[in-house]
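A, B, C, D, E and F are the chain letters, set down in written order, and residue numbers restart from 1 in every chain.
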């Protein structure tokens, strides 16, 4: 098999968790996709920012809490989670309301680094414009 | 006669809460469930709309907890209820209108 | 009081079926009667016995089947909506010349009139959807 | 069977046609429900007003055009279609853009009368407050 | 590099068109399909948003016709295309972003 | 040019599958290649052979099956999404201990990797959904 160029994959997360399944099934794609050695980013904007809110407890609704799976992303080398600042603010949220997600940088003596990067709408706009494959859920 | 309205979609991406509030009469109740509970977060454009509402406004606690929205984030004047409270609200009003 | 419950969305994709289930349980726990649970639109997809949800998640179809058995609930799948979406019982499969059926235990297929009837005979009709 | 009280049934139509099936399947319920001799009304508000737009032609998308079925409503004694004025205006529509739907009033020498009644948001609010059963799609 | 964005929901009840326009770069294209085509109607709040857009804006003719929106109702500056035009737009831009 | 197509919603309920079908036909008519049509989320419901749509409406499953046959399309139903929603082929039915299967002709069940692969091997990936 010939060597493949690495493509920039962007997963667009614009929907809240639990009301619909898209957020959960998007995460399933990301985890499977991590095996393909592409350049992977996730964008959380609009209601998608709610997916990362800390302290989700689904016992009362009888639905599986999938938010812990976000913590596994770092181990799969999925380390670029872009969260839109304006989307947070419009929803009464601050970065402190989000889960702490980290990855270990092997090029920097396995230092723990944050996976969540708060970006402005304009910054996200540029990032989106630079992708090869955009998967929307 | 009065109506229990339910709203199950986030007010930040969809206009259902806004439309529901515009069509609720005095004495009606509005209950936010599922992704609708995000409307209960204090200090947003949605909570502003709610504070002007003439209907009583409620939010389902189980759906808040699922989404990690602590009760101290809920805007003033919104009452948190359980599924049993949902049932009670349905009995206390003469019909249920789901804003799907 | 008599409650009718309507479920307009399929399992897992939307929370509608879960919410309807929790509401139904809560109403029963308070001593209310559930006249019927009517599955319409994609809601008919709650009535297939062929789902295999992940082991660490709830089984929505089984939840309904078991609650139905326990409380003798009338779980009705709309026939017109079911035909569009491929939910069949043995009779329907025969009638339509299909080689398999997939209806789950405790569900029955019937017409839209059952929805109107639920509205007439219930004190409250509560709809869950998208 | 004992005589039943007649209930006020309201069908809420808030979704556009074709993008989703709700409008079509709502119409199927209304037509079946007409046999039950209840007091039936339909409300068209928000994107639901698009269901009644004249001149729908679905050939290009390969989907069934169900809008002619609205014309049958009068024959089924479904004669109260409340359309919200503000919803029309916000969408750049006027009552002239809607199908002409009529019913024949047997108490008035079978005179043809319009089924569509344009109401303000406040009027619709009162009408909604007066219903026994509200079916949403 | 540039992106073709598709929007398939009515801008009158959902915020997808607005969010898409806010995230489209100059040189991008925005194509309204399915219920998204209602955004093309002239003289509305949505068409106002579109007129400020830096991206090229298109609407799928088959979806307009299905919904009874005559082409003379389409706001100025929006181009009507067919499914073949949709395919061409996808080839002319380096990626497709569906605002679901 | 090589196109991958993703369908995220079931038949009839949303227009997604119809739009994807029209887009696919138009791309083929222009001489483009369709690397794969991947059915995810409720999109897996397009792949059941048990639907019986009204006679005066289109048959979405048949449309896909026929277009697939004509152009040798790879119509892939995601296995994880399919299990949640009750779409099975004969093998899966056996493996899961189910007494029936419902996959339609021309569709095959496979993993999520096939979606990523479609993204890698296609020049453009176009998604249709809700």
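Following the convention adopted for this analysis, a contact is a pair of C-beta atoms (placed from the backbone, for glycine too) under 8 Å apart; a residue touches a chain by one contact, two chains touch by 3 or more.
Here the structure is a predicted model, which is why all the values come from computation and not from measurement.
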Next on the checklist: Give me the set of chains touching chain B intersected with the set touching chain F.
Outcome noted: A, C, D, E
Checklist entry - What chains touch chain C and also chain E? => result A, B, D, F
Checklist entry - If you average the CA atoms of chain A and of chain C, how far apart do the two points sit, in angstrom? => result 35
Item to check | Inter-centroid spacing, chain D versus chain B (mean Cα positions, whole Å) | outcome: 27
Checklist entry - When the C-alpha atoms of chain C and chain F are each averaged to a single point, how far apart are the two points in Å? => result 26
Next on the checklist: Quick check: what residues of chain D touch more than one other chain, meaning two or more?
Outcome noted: 14, 18-22, 46, 61, 63, 133-134, 136-137
Item to check | Sequence positions of chain C contacting 2 or more other chains | outcome: 8, 12-13, 15, 19, 22, 41, 54, 125, 127, 129-130
Checklist entry - Which residues of chain B are in contact with two or more other chains? => result 8, 12-13, 15-16, 19, 34-35, 62, 82, 95-96, 98, 100
Checklist entry - Which of the chains are touching one another, listed as pairs? => result A-B, A-C, A-E, A-F, B-C, B-D, B-E, C-D, C-F, D-E, D-F, E-F
Checklist entry - Can you name the residues of chain B that touch chain C in the complex? => result 6, 8, 33-35, 62, 82-84, 86-88, 90-91, 95-96, 98, 100
Checklist entry - Can you name the residues of chain B that touch chain E in the complex? => result 12-16, 19
Checklist outcome for this item: So, in the complex, the side of chain D touching chain F is made of residues 18-21, 61-64
Item to check | chain F residues within the chain A interface of the complex | outcome: 6, 8, 40-41, 80-81, 111-113, 115-117, 119-120, 125, 127, 129
Checklist entry - Which chain D residues qualify as touching chain E in the complex? => result 14, 16-20, 46-47, 50, 53-61, 63, 65, 67, 90-93, 97
